[in-house]
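In what comes next, chain A is part of two complexes: it sits with chain B in the first one and with chain C in the second one.
Our next item is the complex of A and B:
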């Protein structure tokens, strides 16, 4: 492609000659400039913009420590538990590698949740960044699968029974459910066969997908350019002399040095947990998971790890009692949608879908609807680019309704997460049910409240 | 303003939700275990108690005898004082009792205690080991306030002596007040006073807590160094960041 182009480096030095040699065969300099050194990012990134690079850092941590863990881990139901303890006790620095991996798992979800919250606050999912957002949702889903498969591997009581509970959810699907659950487990209960396949999925299948999606996420991001806390498109105002955005700065060196500083602060917090409280009071490593898996002894209280508990709470909160309320919600949403949209075809589709849902709600088991709602609670993020109808992107220029709904959403996420850790009582289930509706209201009422909300005019340039 | 409202909302939601504070644990209130895993004399005394009283039935299969050098014992001391005849110093601390025998004798095989300090926690162990009392209705003649109808008899009863449990007074609603400390009556004296026995159990629990996570002391020492290094990295990278960003306006 570059036969007519002059070499980018001085042929007098050996390094220059080597780089020119590569450039003639591979677009090394072109890629470096377009993706890093001359990738112009808005200059007003704040605290919230650290979490993307931190997620990448944690991903690398998980992959590198994971490789070393597989060197001593035994994916065998009779050996797995002891092999993890062997890593902790006998393998030189094995305890460090294992704690880096186990703390990294929780850290991954912390930075990813904060990264997602950033996207919601500043409208990073809005046009033209919908695909970046969708790849991100794909990363989140893959990460949940990755964490779920990985959690079985220590073969403790929570590993075993957690996997049992989650795989049994698939059994709630009508007709094919029970066979599907057996197919996933490879056995009638979670067993050695399950451990072996979860190991395979955890160490190769899902990491491959994860890396592919991360690449797609970054490629899409670099195509559109990054959003910023003002939601201003910096590409609109360019310096006529240089052709670069006036509010943009090269990613390297400005954001590389800033992200190194962010990484150092993150690593300090990470190390405090890793070295001084690796169990974090039973939240990062559950106490019961230090009991070897025993298929004959069901623990009285099976709690998933903290990062799954908001969704687990929604699963548990979907009891017979909320089915009529769900039916009312479906009817209200369908009517509101039909009154809002113009396309006749879509009106028919919405009404038909609602009718099917109503019939299903009253004929199928509530347990199945719990599974469905849990799935919807995760997948709803993917719909955000099309649910948000506010004329502005960033929370800085959005009105009080959006701010209130977002605050309620964060609150419901935290409360549902907290309740998911605890064993259920009638009172707690009621609280979970209320917050479940708050959680869904944030997503499914957004087309209306975001359109009717007030907004402030967005400035031409970023405000810093 | 938003943040304050939000904080108030979180607080209200948590405060109003019923029984939020009540933890999942039921039953007896746990005594905090006054252990110090860094106290070598205490952990060594616990190791001795473990070998004398526990190892007959309970294995510590993930701990090798010679890993006790990490708590300050020499291999000679381990060989002379702790090893059973026929065991080698590199062997795991395994009980001679088979699982099958254990199941026949106690109804359930005595569990391996390698990570019991992490699954049960030190406070539970400290309460449990001091919670035995005479109960003629059970198979073994013993019962426990932390683990009702446990299959294990009071192995250290000669040290503590025999005690009986005072039935807790029923509250207004007919149920015993939850979380109330159990009351015992000493039936016969042991070879140790109550305080001495508490110390024996404390040392044993300290040993089990060490055995559950033998690298914990080293981990914390290394952690301090790592944090110092990272603080330096944070400082230098902050300077670098400020230097580069001087020309961003």
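Our next item is the complex of A and C:
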């Protein structure tokens, strides 16, 4: 049994007595102090540190608006499209709740992409925060699934054909693929069964996973403490009297107030989109999705919503023509890896893996490799903690090579994203192919360029 | 075991623990429990498979070709997918013989078609092409670009055919895919048979074909 502790609050007041009563039964004050009021965060957080709390804000927005949407939405292929229009036209304030949800989806990805970029710039994925980063990648993957399931629900043309294409990606897997695609759809075509199960996954299964991962992300973060723009570990220098980091300030009130300011700015921008351009010219809600799903007719141009297009471009860019180049890239990477690592076992594993990949590249369809590369382009983020060999964390102290590679990566992400929105032409496919290699170079050449790059000495204390 | 009868305030000495037995019991319990857990997951995973109703919904459909003029195409729905029927003109049929150098699989060796449509036109009767209008890449429905040549914006050597709007795969008028396209295979020719000169049944093969 725990030792009885001195009550935290004055028993003279009713509120104090109530809080003491709770504290004896549930660690309310302990949690509040350890996670908020006495969670010491570096004092030099800048603009980029808004996006974590904003992601949480958008998550709450999605959950609350989503709950209210389910009260009028019907997950039935014959009723779904009309029920969304019913929400838009006849349910009081239904248009607002629906647009908050659909605009919120795009806002979620904007915030999350900026949050991830922050982590990459300041090396927040580096030791000891690898698990925080991995939980974050898990959140990103879950969010992609959540967005994909949600996009089918209005049962418009883009909903239907988007789901058709993405489910068929699984059909590209050798041997089990076609059966797997049928299993996911629950039918031989995207149908009512598919809609109904995507609804279940969208409103309960994935949100539960998402909330669990967000909790794990925050628990891991609060265990190691936050990184900062200097990449300095503030826990190394503590005030001998208080035991708190000299460069740390309590999350509450300092960062709660700062984040509320950030939330206010965000909500202003969010409202501008929400009230003046909720479809954002077809980027947040595509025009074709206002046409009911027609299984016999694909719209003349289909594209995923903007937040998937960088990865979708990589899928499209993987044609027969790039297979030989991919094979060369695999060989070069394998040779470089074998020359770099010492472990004999790992050398054999790398060579074996490369050999399997080469054989596969020339025997299996390019279609499969498009799917594989798209998967790799998303999952590569998870490897960052182990790819970065720079002695310093933050971009402030890294050298010109890393800065150039990061700039090229951002450029390739944007170009691929833009090309993914447009219909394919031979010229555009070629550009996408070039930027696809730039995208992958950022990740897979990192062990070498980050180690050979110059760096500046990191100060003992944060620089503000 | 202790046989002491004297009253003693000291804690009883711990009985000897058979750690090997304990470990075996823990492993055994975990394996049996895990097996039941895995077995319990099966009904849930299996419930994702198509229902009996979905499986039964694949009845064959009839199509009447009498109103289909040469050069025209019609679409019928079969098992929830579009099936195209094209009445190909003489010129278009000649194009099928000359475009083979542009194709990935001109002889349809690795493609799906019923035995009596395993020929140069991929059809039972040369003029009537019947195919599933779903791209073998990722399942979009291609759009028709029947006009040969550059008029359709498809390049000078375009023989007329179909373009997939999603990822740009091109097919000729027999549903054969062009080389170096995202789609790996020719369009599927469904099983079908002629009920009369101008009526076909999609979903059933000609007996003994």
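Just so we're on the same page, the second predicted complex is superposed on the first by the 461 of 464 C-alpha atoms of A that agree within 3 Å, B and C clash if a C-alpha of one lies under 4 Å from a C-alpha of the other, contacts with A are read in each partner's own complex, and residues count from 1 in each chain.
Here, a contact is a pair of C-beta atoms (placed from the backbone, for glycine too) under 8 Å apart; a residue touches a chain by one contact, two chains touch by 3 or more.
As the structure is a prediction and not an experimental result, all values here were calculated from the model.
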{"item": "Combined model on chain A where chain B meets chain C, clash or fit", "value": "fit"}
{"item": "Touched partner set for A:12, first chain B, second chain C, both or neither", "value": "neither"}
{"item": "Touching partner for A:423 - first (chain B), second (chain C), both, neither", "value": "both"}
{"item": "First, second, both or neither for A:189, with chain B first and chain C second", "value": "second"}
{"item": "Residue contacts with chain A in the superposition, chain B compared against chain C", "value": "B"}
{"item": "Partner chain in contact with A:175 - chain B first, chain C second, else both or neither", "value": "neither"}
{"item": "Touched partner set for A:365, first chain B, second chain C, both or neither", "value": "second"}
{"item": "Touching partner for A:339 - first (chain B), second (chain C), both, neither", "value": "neither"}
{"item": "Which superposed partner A:296 touches (first chain B, second chain C, both, neither)", "value": "second"}
{"item": "Arrangement angle, chain B at one end, chain C at the other, chain A at the vertex (C-alpha, nearest 10°)", "value": "70"}
{"item": "Which of chain B and chain C A:272 touches, first, second, both or neither", "value": "first"}
{"item": "Smallest separation of CA atoms, chain C relative to chain B, angstrom", "value": "7"}
{"item": "Chain B and chain C contact sites that coincide on chain A, given as residue numbers", "value": "301, 423, 425"}
{"item": "Touching residues (chain side chain A, partner chain B) in the complex", "value": "43, 82, 85-86, 88-89, 95-96, 99, 249, 253-254, 257-258, 260-261, 263-265, 267-268, 271-272, 274-276, 278-279, 287-291, 301, 403, 407-408, 410-411, 414-415, 418-419, 422-423, 425, 427-428, 431, 435"}
{"item": "Of all residues in chain C, those that touch chain A in their complex", "value": "48-51, 54, 58, 75, 77, 79-82, 133, 137-143, 164-168, 179-184"}
{"item": "Touching residues (chain side chain A, partner chain C) in the complex", "value": "161, 164-165, 167-169, 171, 182-189, 191, 193, 197, 295-302, 316, 319-321, 365-367, 370, 423-425, 429"}
{"item": "Contact footprint of chain A on chain B as seen in their complex", "value": "2, 5-6, 9-10, 13-14, 16-20, 24, 61-63, 67, 114-116, 118-121, 212-215, 219-220, 222-224, 226-227, 230-231, 233-234, 237-238, 240-241, 244-245, 248"}
